[in-house]
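Contents: one structure, followed by commentary.
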Amino acid sequence: MAVQKLKVGVAGLGRMGKRHAVNFLHRTPRADVVAAFTPDDTEYAWAKVELEPHGVTIYKDYNQMINHEGLQAVVIATATKVHAEEALAAIEKDLHVLCEKPISLSIETCQEVIKAAKAKPHLKVMCGFSRRFDASYRDAYEKAEAGVIGRPTIIRSQTCDKHDPSGFFVQYAAHSGGCFSDMSVHDIDLTLWFFGEDIPVKSVSAAGVVAVAPGLKQYEDFDNAVGIVEFYGGRVAYYYCSRMMAHGQEDTTEFIGTEGKLTVNGNPQANFVNTYTDKGIIREVPAHYYGRFEYAFVNEANEFTAAALDNTKLPFNLTSALRAVEIGSYLQEAVRTGKKLYFDEVGNRVEHASL
Amino acid sequence: MAVQKLKVGVAGLGRMGKRHAVNFLHRTPRADVVAAFTPDDTEYAWAKVELEPHGVTIYKDYNQMINHEGLQAVVIATATKVHAEEALAAIEKDLHVLCEKPISLSIETCQEVIKAAKAKPHLKVMCGFSRRFDASYRDAYEKAEAGVIGRPTIIRSQTCDKHDPSGFFVQYAAHSGGCFSDMSVHDIDLTLWFFGEDIPVKSVSAAGVVAVAPGLKQYEDFDNAVGIVEFYGGRVAYYYCSRMMAHGQEDTTEFIGTEGKLTVNGNPQANFVNTYTDKGIIREVPAHYYGRFEYAFVNEANEFTAAALDNTKLPFNLTSALRAVEIGSYLQEAVRTGKKLYFDEVGNRVEHASL
Amino acid sequence: MAVQKLKVGVAGLGRMGKRHAVNFLHRTPRADVVAAFTPDDTEYAWAKVELEPHGVTIYKDYNQMINHEGLQAVVIATATKVHAEEALAAIEKDLHVLCEKPISLSIETCQEVIKAAKAKPHLKVMCGFSRRFDASYRDAYEKAEAGVIGRPTIIRSQTCDKHDPSGFFVQYAAHSGGCFSDMSVHDIDLTLWFFGEDIPVKSVSAAGVVAVAPGLKQYEDFDNAVGIVEFYGGRVAYYYCSRMMAHGQEDTTEFIGTEGKLTVNGNPQANFVNTYTDKGIIREVPAHYYGRFEYAFVNEANEFTAAALDNTKLPFNLTSALRAVEIGSYLQEAVRTGKKLYFDEVGNRVEHASL
Amino acid sequence: MAVQKLKVGVAGLGRMGKRHAVNFLHRTPRADVVAAFTPDDTEYAWAKVELEPHGVTIYKDYNQMINHEGLQAVVIATATKVHAEEALAAIEKDLHVLCEKPISLSIETCQEVIKAAKAKPHLKVMCGFSRRFDASYRDAYEKAEAGVIGRPTIIRSQTCDKHDPSGFFVQYAAHSGGCFSDMSVHDIDLTLWFFGEDIPVKSVSAAGVVAVAPGLKQYEDFDNAVGIVEFYGGRVAYYYCSRMMAHGQEDTTEFIGTEGKLTVNGNPQANFVNTYTDKGIIREVPAHYYGRFEYAFVNEANEFTAAALDNTKLPFNLTSALRAVEIGSYLQEAVRTGKKLYFDEVGNRVEHASL
């Protein structure tokens, strides 16, 4: 009996969309990419060469693609602003959905997608938080679950990009939702994973600077920002996001418990080589997040596929993705206004700190 | 011609006082310890055995000690609450002063000492911020000065102690001024060193938890706290202090600039040994700050001595120590009240964030 | 136009054969596994579940498999003693060959295969030295080629396995050719890569011990051995192989040149996690070579496939594999007899050291 | 009662002599340097400034110095060729002796000194193997003694100097005894410490190259050499010495046991700073052995002093120093002649390997 494969369509063939297409096509044994969509001519040309010969039909219209015969799932890697409507259209068509983060910068829109997904519980609808699929974060999580560090109490996590002097990320900032919403959302997601997705926020404060990309000011955004999220129940997470790293990508996390600590990527490295010269001992660092997380994305593709084919549980809930977006937006508000935000235990905004 | 040695008296022979006495006695070629003071019987007995045979006169009264014939300098390592009065008495007697940090938890009292010291410019009056004398921090500073990291913009610094289940530090908390004032004051001092001691504070926010030492609550103190200090001019420092480390002392700093980053003690280690067993590869960590900073204290003793004998400049100003205490007290207020504090560019408290 | 894929048969479905089958099937976009062979019932059963549903025909006879219609290439991962005859039969059938190392422990038999391969230059015949496909070794090689370390002069390389108290490797030793031939052959291959495959050997000496596996003595083998290979032209390599590591697999190499040094895997690690507890800071290590070299094997599959389909050059010659086996056998003789071996510049054995 | 201090004379004020003088003068509380000797005018001038003001009498004649009134001990840091005669003269005068390694390159001369020392058991006569006093090696030794690694079986140890293009070490090679005798003697000493000083040698083999200092050839010496020393009882040590390191001093040791491994200085570092730039992450390395072993020399001074004053046992025997010199000379012979040397269990040279 031949293996049954999940028939996947990939929407959006930009940097990340290309990677998803290739991963689902060549590195996900139980999936077949049967369709792809891009409105962009350059991406279309790429798809003709790289995808079509493998039996992928290329569409210039999203709605045509989701009507591709036999399609079972879509991977959404288009611009953030169309994520939600594409996800809703796919759910409507009874398709499983893997949507790049964030589903939307609007909490209401996120909730709409969650509601649509809940109405069709046979569908797998997942937001792509790649670190959940990273072997090191998973190892750390298992150790924490096994009690190696006692009660997780403090989380320090940073998402720091290599400085790109081309200014690409300045244009990108126009629609990114801001540095915390765009970058730290991963660190927030890790926090919810380790602290529990229902943990209530008590206060949020932040500070940011524009140090290397003055163009960010027009978007009220920052190239470096730090923030503290205090939770009810005696837990604190603090974050640093930056687009100013000279050396490369440095996404580091510390999970600090009452009896120990786990670090992930405390010493970033591109590979296992060290170079010893008269300058000292040199270790290179990945230039981009994909150099650090490539295999997490491959895992993501395989596990999403397995959940869809076998109707098994996804590793985390869509509501968790919503909360990450929400906390990201609080940090963004805190850094933009300079104000500290306070919440009561059921999540309502309040004026003053509760002691 | 015989070498002229600085005649030093050591006040207080507790844990740190003993170390100062031994360092000035045996590891500071240009100094002689001629007198020591302690009101404590156990410390007195120690001094009879360890100091007296080397020609040190032991006193039970501070004022008697500073009248010791020929005395030129005092090292003050008594309880914080008497630091200032002892420093003032020593200045009055025309003695150089090396005072353990902090001079006082009261800004006014600190200012009094600064005023007295300024009135006698021939005296060297220094507050003991040991990290200023640490070879690694100095190397980092020289590299930063040389432009290796561009403009220093973000500082992350932590002072994290090995968890001491004996509860000693809970009693200590009654008089320590709180975790930021006691521990992070070193990180703040580093910040002033690298950002400039006159840099104005814009805002201060913090969050803390009591995770392992419930006794701290009676003192409104915390065993883990994180804080952000935002400065005018586009610079931010963020701190973590903890008394909960399972593995040992971990004082780590990152100086992040527009063109690079310097880390100090990113990988703590007790020595050069690694142990490979079926558990993995294990590296041990110093249990206490003295395991990390021993030679910084030796440098401190030698440089203070040289400055006093040769009438050369001390490596940092007393006003810088005052500012560190002040910023520490802001963080302490922020973590205790849960409020974010705001300042204008000349240092006055204001109600709202300046944007 | 559909993509043309290389039709591959996999011979031998033991530990490594299974991995080759899966890699060619699922992680080599340009290859299709169409056939597999195993004489072993358990392996056969595995293949029925894991391979057959993907369209792979399973054979119990090697000669039948190589007659599979349309077959273009075979991967040989059977027992060492049949490698050569299977390779010869495949070449005879005009099939490309990727043969696990070593082709044979007999130099003459290796030469026979080389001769057969040379007679059919359109075929790609490769011996599987996986480290040639490892990203870190390749990075080191590129740096060395770029002159970063000056003239490569000394190589230190070790292949050290986690101690397996089950005694599996004792039985394996009956046919492995000995520790240098089986393990260090990888380090020798690296040496030939960096020093040049034609570099003449001047002398060989070695020493070994049996420390944890007394059963090795019956095979005149050792569980720890060190050896020195001196080359003409002022170059030396020294090796350590061990089956006694408590902590895991540790394959480390140092390429030492006149102006610098490159290390590969100087700090082995299973992933990016460090665990901080009262024992210190712990880093885990892969338990097996596949934990370190998994992606090298995937690269190997893809590059062999590309070379076969596109008729491009393989990254190294079959004669290099022969030389690695030869030098391994010299080390094995040296450790077994305790004698130092000498050679003249054209490779003949001589009685005395040339100075 | 005043402290009794050991009255020390320092012979030789070259690079290491100066350090000994300063260490005994300023960093050894229980010692007083009362005399120093140097035949060299520059060194004499240095001593007038640095030592005389501290009450040290400077001599231009060794025999006059050892007649200095009240002298109790001498530190010998002159040229190797006069070590032994100076040690013998000091013993004759009933003085304790700390002699820089090696006592002599001649085994017979070493034995003469040992005999003289044994005849006066109240004297402490020690050869300066500084690594015995290094905190990290001691920690490793304690762990090994505590059984952490099972039975120590294999030792890898290297002494690698930063390349000094001035050619100083070429001139030095005229009298150094060769690279193994001069550099690896430390690694051999470590081997005797961990394996036991009486362990009999079974075979010795080595290979060397002249890669960067052609001037060494006239002295039959090498700038890079590797050697294997096989011991009876199933133990092997292998060594690498080099004067070609671009990055700095790298003295690394691995103690490999049946149940674990201990490394010392596997990751050399000058201090705790890491520099992150667009070149990657850079860690600097000490330029000289004193950057690595400074505090070991200070310990050595203090422990030698304590042993002399309190008549306590020295941490290792003089015969051990002799054996280290002896094994160093075997390695030197092996690398010079290209021959492998064999020994029977009682230390006699034999012609063939014992199996």
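Note that the chains take the letters A, B, C and D in the order they are written out, and that residue 1 is the start of every chain.
The rule is short, and it goes like this: a residue touches a chain if its C-beta (ideal position, glycine included) is under 8 Å from a C-beta of that chain, and two chains touch if they have at least 3 such contacts.
Please read all numbers here as calculations on a predicted model, not as lab measurements.
In terms of the distance between Cα centroids, chain D is separated most widely from A.
Across A-B and B-D, it is A-B that has more C-beta pairs touching. Centre-to-centre separation between chain B and chain D, using Cα means, comes to 39 Å. Residue positions of chain C touching 2 or more other chains, listed in rising order: 149, 245-247, 259-261, 266-267, 275-278.
Residues of chain B touching chain A in their complex: 149-151, 153-154, 156, 202-203, 205-212, 224, 226-228, 230, 234-236, 238, 240, 242, 244-247, 256, 258-261, 266-267, 337-340, 342, 352-355.
Of all the residues in chain C, the ones that touch chain B in their complex are 245-248, 267-268, 275-285.
By the touch rule above, chain C contacts chain A in their complex via residues 1-3, 25-27, 29, 53-55, 135-136, 139-140, 143, 148-149, 259-266, 270-278.
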